[in-house]
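Paired with subunit B in one complex and with subunit C in the other, subunit A is shared by the two complexes that follow.
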Partner chain A sequence: MFRTSTLRSVLPRIKLSSGGLYRSYHSQDHLGSNNIINKNSVESRVFTKALEFIPEKGFTKECIYKAVRELQYSDSLLSIFSNSTVGISLEFQLVLFWLKYQRQRLLTYVESNPSFFEISGEENRVTHLIQKRLEFNEPVIGKLSGAISQLIIPYHVDKSLEELHNLSDDVAFYSNDQSNDFSWYSKRFGLSTIYASSEVYMLQDNSPKFRSTHSFVEEKVSNMYQLGEAYNSFEEWTLFNAMSTVNLIKSQWHRG
Partner chain B sequence: MLRKQCVKVTAPDALRNLSTSCALRAAQESKKKRTSKKDASEVNYGALSKAQKAFLDRLIRVDQAGELGANYIYNGQHTVLASRYPHLRPVLQHMWDQEVHHHNTFNRLQTQRRVRPSLLTPLWKLGAFGMGAGTSLLSKEAAMACTVAVETVIGNHYNQQLRVLMNQYNVPVYDKKTGEPLDASQIKSSAECSPEISQLKELVSQFRDEELEHLDTAIEHDAEKAVPYILLTEAIKLVCKGAIWTAERV
Partner chain C sequence: MLPHLLSGVKTRGIRGIKHLGLRCLSNNSNHDTTHFGFKTVDKNDKEKLVKGVFSSVASKYDLMNDTMSFGVHRLWKHHFINRLDAGMRPGASRPLDFLDVAGGTGDIAFGLLDHAETKYNDRLSTMTVADINSDMLTEGEARFQNTRWNDGSDRVKFMVQNGETLEQIPDNSKDVYTIAFGIRNFTDIQAGLDQAYRVLRPGGIFACLEFSHVDNPLINYAYQAYSFSMLPLMGQLIANDRDSYQYLVESIRNFPPQEEFKGMIEKAGFFVPDNGYENLTFGVAAIHIGVKL
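Showing the complex of A and B:
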């Protein structure tokens, strides 16, 4: 119906524009266009089940084996995952699925909590969402370092950065980000940095209910927004001065 | 004439139905069908394919960058020309205002639909302002020739986008209550395409018309008297096409 080849043939290897580095076009009227996880696929059913065993077994193949058995699928199903075209290990597939699953949870949280939109100020909404996302880490906190060590393997870095940027894009979008120019990039880059550093901070946080992680996030986010404001004021100041200089020269010119 | 109509309505049926009563029946049937046709609020639209999403993504990105450019071109022209030629001021202001409106509209769409803005926005701003101000410094005719070149390219580009939007966005439509797939005869022609897409089509065609209006305005204001007219317009057209190619991708 839609000739994919003509559209994609020009730069087939650059994934920037569609479903690659960033989430692509968000449809309003076409149901099912924006799903993060396809809940009906066998793969996602197995992996969703496998997530239940992570607190006990960590991010290992064992979780997937156990899920396949519990769902009473044949063991041969495992060969489909391990020989899949993506060419990544089972453990890393589990990590990636876990990250996607948490993004889906964040979306569900935003959609089912109208009170979220009553939080005033983009900055506060961003802080709230990052804290919320970090809360999803709590049940597996003891095993999380295993996931992180997989994410930073150089061979995996492109995929893990993609997930990280997807998360920060989600956070920015749900918080009603209105940036239209280069700030779109700097904001997402900043959010990714904040999220990654907070997660590492959280690993070593012993405070009750991870309170110090939460205040760490608050501080980082407010720093970022202050920096943004400072940059905007600087830009305004420069433009104003440039224009008044031009006008000054013009008026002196006309006086002769 | 009656015969003709009847054949038209029941073409696949046997030819023995060629009679007055047949025509009446056909008319009644089509009336019945028309009343039961669904409108946009009664249906659900199927998911967009990856390629369809990718095209919309590109469309919004490139149009946003284009309108940003147009906005800054008129800004540059206005800066240079408004004080030198007071009679051009309202003309330029009118065109500039329309471009600002276009730009704001695409800015809104970009944030709503989660489209990544062009990475090179600072470059587009600088380049467009430079182009507007530079041609205006040559002469007011050169500025108008610049407008002609830019609007020609933009008009063509909008038309190309409209063609794709018209042809390639026939997604399956489902009944909202029963969830059954509907075919084209069961839905109103206005609902064949989701409001999202049809609004985009309307927007693009309205903006195209306004851009072409600017083209006419520029020609009325002596664009063709610019000295190396062909050279100037062709060079600018080339630059614009290059910018479009880049803004779609980066």
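Showing the complex of A and C:
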């Protein structure tokens, strides 16, 4: 179902005149869709500070408490977190912010590394981005299972899946995905599956520099694209045979 | 029992619904007048008029609240306290200083202290209850005598203070400023918000629970019909004081809607997080939050 058509140009269309990455399937007027995190809001200032303490304390509310104190605010500031997102615990807010923050980093990485666009082949770009995103996990790898257990709590699953979809959508978009029918969905679904399984694989990975994880990603991505190619070939073959059959019947019909 | 100052308030009953235009009339004020319900009064008089209302309802305040809101006001206050989730977290360097303005009967103040103690084991944070009306404050102090905070530790203070000036509260001295169903009665709401900003420390939070406006026209119709016809009647039957409750209903109508009030909080200098307010019961009441940075 995946269309792995050759790219029309090596430099993808997403590099637009103003230098930013704007999604053409969103309105060009909504430039804010690239601002995953509003850096000026007090929430993100506190959370950004809290990220520094994750490697030490894990994904716990102590990180947020400590961040508030480091920023010289009083504990009363914590009220805005209980108020802002109804029914979401502080810990899960921290996990969600962490995911968004890494997604923003991925965007910054793509924007500031022109060499990324020189990687030929959508498949290779996808692999590269997923590996890059997994690298961002390295500093907190010991605490990551805590975040994942937060993400799979049934109450949280809708928000977790949304964030996972956003990530795979970003990866597909930066890699210049050209799919336009059902393959649009199946590709993103496939990328989400690959990312989630690679992250779980990474938790158990003891190889130096997470080399096994990297090859795991390569293998999974290439499988997905092979599957897509196989499906496309099959579809083309079926279509060709169906048309030939129709033509054959037609010509026999006319001969009487 | 009715203060003579109130005698100028005309009783409108259900006809009040048809008097929507009066809001514009009273908004059309010069600098020397303000609302007192739907009536436009001299600014210098409103304070006295409001004082009259609350002095006359003080003793039956809770009974009336329960009857009129079917007990829902307790749920709102409970939710308000839980949402704020205030309290000294373990490992904090200093306790928090709460200020509950217009908190005469003390239900928010005691609720906040109770929450901080049960959830965060915070037995050090202090509470100042300020109210312009000494009769309401006396109610609160009487209740305080029987609470567990009356242990000689001097954590809870009561003081008669005008919320628009707060002259006995120093700058940057409080962490949490709460006001529940009080700011509506201020002569100059903006001045009250400015004072809140003044007394809070950086990182301090302003939280306001107040009647607000219902968006849904159908529910609003029912709500207006109930409040304009039933409330003054109940006031008459239970507290023998129709005019005070007439004032209550009219002052609710005159209070700015959610977005406008949010704008006023921002104007005072506060940062308003996310969408800034939370509607309770379709918007009959709303919680507004602001942070001093």
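The rule we apply is simple: the second predicted complex is superposed on the first by the 221 of 256 C-alpha atoms of A that agree within 3 Å, B and C clash if a C-alpha of one lies under 4 Å from a C-alpha of the other, contacts with A are read in each partner's own complex, and residues count from 1 in each chain.
We adopt the following convention: a residue touches a chain if its C-beta (ideal position, glycine included) is under 8 Å from a C-beta of that chain, and two chains touch if they have at least 3 such contacts.
Nothing here was measured: the structure is a model prediction, and the numbers come from that model.
Look at A:182: by the touch rule set out above, it reaches subunit B but stays clear of subunit C.
Touching more residues of subunit A than its counterpart among subunit B and subunit C is B. Of the two partner chains placed by superposition, only subunit C is touched by A:78; subunit B is not. Once the two complexes are overlaid on the shared chain, A:118 sits clear of subunit B and of subunit C alike. In the superposition on chain A, contact of A:169 is made with subunit B only, not with subunit C. Subunit A uses no single residue to touch subunit B in one structure and subunit C in the other. Those residues of subunit B whose C-beta lies close enough to touch subunit A in the complex are 44-58, 60-61, 64, 68, 107, 110-117, 119, 121-122, 125, 168, 170-171, 194-197, 248-250. Taken together, the subunit C residues at the contact with subunit A in this complex read 82-89, 91-94, 96, 175-176, 201-205, 207, 271, 273-274, 278, 287, 289, 291, 293. The touching residues of subunit A, counted against subunit C in their complex, run 41-43, 65, 68-69, 71-80, 82-86.
By the touch criterion stated above, subunit A contacts subunit B in their complex at residues 1-4, 7-8, 10-11, 14, 16-19, 22-33, 169, 173, 177-182, 184-185.
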